[in-house]
Amino acid sequence: MKDEKSLFINIVALLILSFMAFYIYKVSIDTGSGIKITDSITPKMRVADKYLNKNVLNENSTYKFSQTAEDTSANIVTSVVVDYRLFDTTLEVIVLFVTILGFGFVIPKDKRRVKMPSVILYRWAPILMILMLMIGGYMFINGHLSPGGGFPAGAIISTAVLIGVLAGRKTVNHKTLKVVEAVAGISIFAIGIASFFIKGVFFQNFITGDRIGDLFSGGLIPVFYGLIAFKVAAELSNIYFEFYEEC
Amino acid sequence: MNSIVFLVVIPLIAAFLSLFLEKLNKLAMYIVTLFNLIFSITVLMSGNIPFNVAIGGWRAPFGINFVVTDITIYFLLLVNIAALISITVVNNIKEYQFYSFYFVLLAATNGMVLTGDMFNFYLFTELSTFAIAGLVAYKRDRLSTGAALKFLILSSTASLFSLASIGLIYKTLGTLNFADIALKLSKLNQASYNLILILFLSSMLVELKIFPFNLWVVKSYEGSITSVNMFTHGMLGTAGIYGAIRILLIVFPNMYSTNISKVLIILSVFTVLIGEVGALKEKNLVKILAFSSMAQMGVFMFGIALGSFESIKGALYIVVSNYLAKLVMFLVTKQYSNAVESKNYIDMKGLGRKYPILAISFTIAALSLMGMPFFAGFWGKFSIVVSALALGKLSTIGIAILLIASVVEGVYYLRISHTFFAEKDVNSVNISRVYSLIPFVLAAIILAIGIYPNFIEQILWNVIDEIKNAPDKYINIILSLK
Amino acid sequence: MTKVFILSSLSLVFVGLYGVLTRKNIVKILIALNIIETGINMLLVAFGYIEGGLTPILQSDLSIANLDKMVDPVPQALVLTSIVIGLGTTAFALALAMRYKNTHNSISIRATDEEGVNV
Amino acid sequence: MIELLLVPLITTLVLAFFIRYKRITWTLFLAANGFVLYKLYSIYGIWNLSYKVDTAYKILGAELTLGVSNNPIGWYFAFFSALITLLISLFSIGFNKNSRSNVSVIWMLIIFSNLGIFFAQDWVTFFMMWELMGWTSFFAITNGKDKALDGAKYYLALSLFGAALMLIAISVLAQYTGTFQIFASAYGLLQIINSSTKLGIGILLLFLTTFLIKSAIFPFYMWPQKVYSEGPEDYITFMSSVMIKYGIYPMAIFIVPVVGSADLPMILNTGNVLQYTIGYLGAISAILGTILAIFQTDMKKLFAYSSVANMGYILLGFSSMTIVGFEGSLFHVVNHMILKAAIFLTLAAVVFRTGESEMHKLGGLVYRMPLTFMTFLLGIIAAAGIPPLNGFGSKWMIIQALMSKRMVVFAIAMIFASTGAFMYLFRALASIFLGQLPDRYKDVKEVPPTMAIPMFIMMVIMLLTGVVPGVVMKPLTSALKAVGYNVEVASWTTLEGSLKNSVIDLKIVFYMFVAGVIISALMYFFGNKSEKVPQNDNYTAGEYPEEWGVDADRFNYSYAFYQPFKEMFEPLLESVSIDGFFASIGRNFEFLSSTIQGLFKRGEGAVLLFSIGVLLLILGGLII
Amino acid sequence: MINLAIFIAVVMFLGAIWTVLTEDVFKAIVIFGIVSLMSSVMFLLMQAPDVAITEAAIGSGITTALFIFTYKKMEERKDER
């Protein structure tokens, strides 16, 4: 790739970048009136304040640990992701769905040589897989209490599938993955629609009354996270299948 | 009207189901599209407009909300009608992925129009980008692969810019809701405002096909099949226009006090010039349409960037005219290019004599795009010209260049029409007369608007009224709901 | 601290942008895109950071008393989303790149898309 | 009023349905034209007729109203156009019997726009009709033939360009005067000129350019020869006689009153700057048209340039800004309509029978097509401005007006052009109809009656207007009076000049001419008869030029008819190469087009251009 | 703490530059993986453990794996020719 060393393009790029940097610098030192991008603004002045205080619906409500509140997830990031802004998260799942679909669609399907896996990997694979599944399961079940959640959980579960594929063990096949993917995806929306028929509002968390910090709290949050985890796992596993499975 | 969310949810569920439906996919496509169309018509007829839907029951600035106002509902109709018309040319497609992409695109474009939240809008945009990239790559040959890849790289760069801008908005204003942003935006420092606007605008302009953000356009159009072209034009394009109107005019109305609107004027003039001149020597009909759609977007953007209400009305006329005309043109192109198995318009010589309705529809569409009187495009051109001449030197020069560019457009379009009507024997070609129906109806609408603009004028003034009272009215609709 | 975070993320963004602008190898362009994305994600989270802030997770009544000191959870939620989108983009683009390699017989973005012409 | 416009429109739709049945379409076409003529006849004198359409379309803060109204000058143009159109459409029935394509639908649409232009009450209606006429004539000219495409494209580009300029002019004018009404805005424009001369003249020049383009005046004189040589002959007849006057009509109702009464710097105390500009443009077109016409070998191109020259005369008449000059110009409009229609009908007849339009390949057709010859003869006599026929009176009036205003240069130009006209007209006559008949045209017959009748009527009309100019002058002067000009209604046979004692009675002129004809006829019959030899022997001297690889026709006497003159004017013509200028614009656009396509063909710079775009936006944001 | 942050920031910056400038695609991928992992540490420092875990699993882990798979596949094709 000789073109990469083209001096002209490099100079142009550096000029553009330095100009942009200069502009950002200029904006950041701007002394005009009004809110500036360099001002330090605490969550108190943002919508996040309501999320932290869990008083979106009722402005004066306060809460204590191990008691009920409007959103009973202890991990506030989770409560934003899977409750306050749940719709974004479902769309994000769709984004992953679309891109992986596109991935499977455009990837060239030519014959691949299948290498024999090493014996060690073949023997140890089940143990590793179970370990991965356990970690993943823990993550999405505890998503509302501790860091983690559905996405990394899905990624870790998919790693289990990857190990299986690498070890040459038959775990799941394409068809199953497709079914898991679709069922998980549809379930997310089915719950949303169910809440429409129960509460009259889409994607409302209709299981309330839990206590913050309990394992079974947060209403639908663990359910959603579980579905998301399986969906992500199924989709990511699809990628490995595309690379390493014979078609 | 909480059920408005069905417009997004049903297509998404269909997208999952399409993995298994196999041959029923086509039927599902019609059912879902018709559902969306009928649902949006019902909403229009219900008389509840404007209303605001808080998803998940979280009130407006805290949760995600869907807003339905006059602008929304009309663009919703445009998107769904375009979808219905576009899928009539889908045939012989077996890959379930195509249908999935379509459903996702339908949901995403509907969502882009409906949403009232910045980040949600970003997500819908991404979704539509991926769906379009997948659809463009449908043929999976050299041309479409290159086009899809380059489109993907460009649009993901752009989306990162808009993500940065969303971050900045959240940092400074502490909110992601359109209405809330509009309410607080006046408190923002001018320089910071500019930075945010530039970052967001530059990603917006990619979708609006404004030069120099539009290098993907011609390739994508050339590399994809006709129905995908119609999706890109009718659904993604229309939703993008809606985004421009919503975000530039209602969320960022202060734009007109900065020089950025002047830069936009210059850029849109360049876009028009490049679009028209680029098409002049082209022989591939699809590429000509791509260049022309670029140019029309330039005219639209010019009208928006001028910022007076009359020019915005003109821009909306241009939108309507371009929307209808391009649909007609793509339909005609599809039939003719199928018949002669070539996209070169010279090979289509003489087809207009055998199938006059298609060729006449094409001509009407072309004349409307040229801004000829008695066709819908004229009213737009007229409004824009009149208001541009009142707004100072820059816009005067701009409109002069625009008009000269429209001369070039006239030359290449009428040359194509002439080729259709040229004398040549075409006996081996066979096109079913059924396919003439939709182009004919659309062309008749173009003509009707051109001759009698009253009914569309009424609608457009409703829209303009909404823009005029923005953002106060818009904010009231959304934030009053506790 | 905030300054360090912001500067480091901005530097990533600029380096990535430089890569996207100057590289011709599609895989490297995609890597550069990912670098930008990482940078932007860090930027967003840094926007929500406050000096000496706490993790926004409720562990006991003590953390509820210190809600003011917690960092902003919303940018973190946004970034969670954007990371997944980044993965999607990369996967799709890489698949396209593989096909690109097959059809164009090259991995340079300069390869022409016209049929039958080899670089 | 509205039925005048509705009937052509409805006829268009009906024609479109029956497009495959030639007989029906052309008969319907004739009937519709007959109706239009009748209707126009019936509304003469009722000047308060009008029809308005209120739209909800808001522009400049008010709702737009479109309207047509009967106005005297418009009626004058429309009536005579309709008369000529009727005759041409009669001719078309026979002419189109064997043609493959059918131009009648588009033609009817043009007639609709034609009437719309002449009766438009406001600029928007006028503009709409004007644009309609522009693109419809493109399709009428090409008419499905690829070889006509280049000329038609040229015409279309010019026409769209002109329309764009007019749109700008209308918008600016409306901005300052607040009205779209044509007559009201004329007064408004006068006030603009008084308060801010530059702006006013700018608007005026924009309008003027549009009209000049449509009437093929000097900088834009190239399109007639490109278009006329390729289009369908019957439609070209219409175009050269009627359509080319579209530019004259708005000049008469808008430009002339404004320029005449504007308070602008004067030159030599005879006229103001704009007056001289118009005059010079007219003079240049008259001279250039004449010179170029002299050197054409294609008869249609020859008469195309002749049209340019005639448009020049009309402009010269306008430039005098006297009432006689004005009358003369408007009179010449009709005269030119009639005589050009007559000439082009004969050319169409020749092409119909021989399929040839190169003059040096024709010859001697007088023996085979005597009626056509007679029409042509009268036509060129009229075009040359020889007294008993109709071209004389108007030219005489224009020259009178110019002399009375002491615009000597223009008068000289006019006389030069008239003299030159003899040269090219005689050339056409000699090459097409006189000389010897080539062997290949031995079997040529006279045209069928449907085509002969209109030609005969044309002859009668030419003679009539020549001898009794009152048939045109009476409606003209009453129309002018109705508009408010200080004129007296003309008498039947006399014409009034503007110099002292300059009234002529055309009756007397006619008697003198008849006497002359009788004498020359006697001389012909009693003189020596000529001897006949095979035609080629005349100019190949018994040799066979084909053996040298040269086309024998090139040695025909009419191939390089005016070689000495051509050599004389060659340097001048080379320096005045407007065509080259326009062609270079086209080439540059195409070059630019290839460049842009190259840019879009490669997608590699997309992100780079994207960042440059961001940079531009930043620059815009920084420079506050 | 701040020293750690500065150290990681510098390392990330240098790593990113190396990634962009290096000729070897495989090296670039690996170093990108490291940069990505570093960023997850940064997220931890920013009190965003959720993001850190996700970045480590998805941004650093799976994305890098994807790149490597792709790279290998492209190399394989090169071998076949």
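Lettered A, B, C, D and E in written order, each chain numbered from 1.
Methods note: contacts are C-beta pairs under 8 Å (C-beta built on N, C-alpha and C of every residue); 3 or more make two chains touch, one makes a residue touch a chain.
Protein identities per chain, from UniProt: A = Na+/H+ antiporter MnhB subunit-related protein; C = NADH-ubiquinone oxidoreductase, chain 4L; D = NADH dehydrogenase (Quinone)( EC: ); E = MrpA C-terminal/MbhD domain-containing protein.
Being a predicted model, the structure only gives us computed values, none of them experimental.
Peer 1: Return the chains shared as contacts by subunit D and subunit E, ordered by label.
Peer 2: Both subunit D and subunit E are touched by A, C, going by the contact rule given at the top.
Peer 1: If you tally the C-beta contacts for A-E and for A-D, which one comes out higher?
Peer 2: Pair with the higher count of C-beta contacts: A-E.
Peer 1: Point out which chain occupies the most central position, where each centre is the mean of Cα atoms.
Peer 2: The chain sitting closest to the overall C-alpha centre is B.
Peer 1: Take the average of all CA coordinates in subunit B, do the same for subunit C, and state the distance between these two points in whole angstrom.
Peer 2: Using C-alpha averages as centres, the distance is 28 Å.
Peer 1: Approximately how many whole Å separate the CA-defined centres of subunit C and subunit E?
Peer 2: So the centre of subunit C lies 11 Å away from the centre of subunit E.
Peer 1: Would you mind pulling out the distance in Å between where the CA atoms of subunit A average out and where those of subunit C do?
Peer 2: Taking the average C-alpha coordinate of subunit A and of subunit C, the gap between them is 14 Å.
Peer 1: CA centre of subunit B versus CA centre of subunit D: separation in Å?
Peer 2: Computed value for the inter-centroid distance: 44 Å.
Peer 1: Find every residue in subunit E that makes contact with two or more other chains and list them.
Peer 2: Residues 48-51, 54, 58, 62, 66, 73 of subunit E touch two or more partner chains.
Peer 1: Which residues of subunit C are in contact with two or more other chains?
Peer 2: 17-18, 20-25, 30, 48, 55-57, 70-71, 74, 76, 80-81, 83-85, 87-89, 91-92, 94, 96-99, 102, 109-110, 113-114
Peer 1: Which subunit B residues touch at least two other chains?
Peer 2: Counting only residues that touch two or more other chains, subunit B contributes 119, 123, 126, 130, 133-134, 137, 140, 145-148, 150, 153, 157, 168, 170-171, 176, 190, 194-195, 219.
Peer 1: Pull out all the chain pairs that touch, please.
Peer 2: According to the stated criterion, the contacting chain pairs are A-B, A-C, A-D, A-E, B-C, B-D, C-D, C-E.
Peer 1: Touching residues of subunit A toward subunit E in the complex: what are they?
Peer 2: 75, 77-78, 112-113, 139, 147-149, 151-152, 155-156, 158-159, 162, 236, 239, 243
Peer 1: Tell me, which parts of subunit A touch subunit C in their complex?
Peer 2: Listed in rising order, the residues of subunit A that touch subunit C are 1, 3-4, 6, 9-10, 12-14, 16-17, 20-21, 24, 40, 42-44, 46-48, 51-53, 63-65, 74-77, 79-81, 85, 88-89, 92, 95-96, 98-100, 102-108, 145-147, 149, 151, 212-213, 232, 239, 242.
Peer 1: What residues of subunit D sit close enough to touch subunit B in their complex?
Peer 2: 55-60, 100-101, 124, 127-129, 131-132, 135, 138-139, 142, 144-146, 149, 152-153, 156-157, 160-161, 164-165, 167-168, 171-172, 174-175, 589-590, 592-594, 596-597, 599-601, 603-607, 609-610, 612-614, 616-621, 623-624
Peer 1: Subunit D touches which residues of subunit A in the complex?
Peer 2: 9, 12-13, 16, 19-20, 23, 26
Peer 1: In the complex of these two chains, what residues of subunit C are touching subunit B?
Peer 2: Against subunit B, subunit C makes touches at 13, 20, 26, 29-30, 33, 36-37, 40, 43-44, 47-48, 74-75, 78, 81-82, 85, 88-89, 92-93, 96-97, 99-100, 103-104, 109, 111, 113-115.
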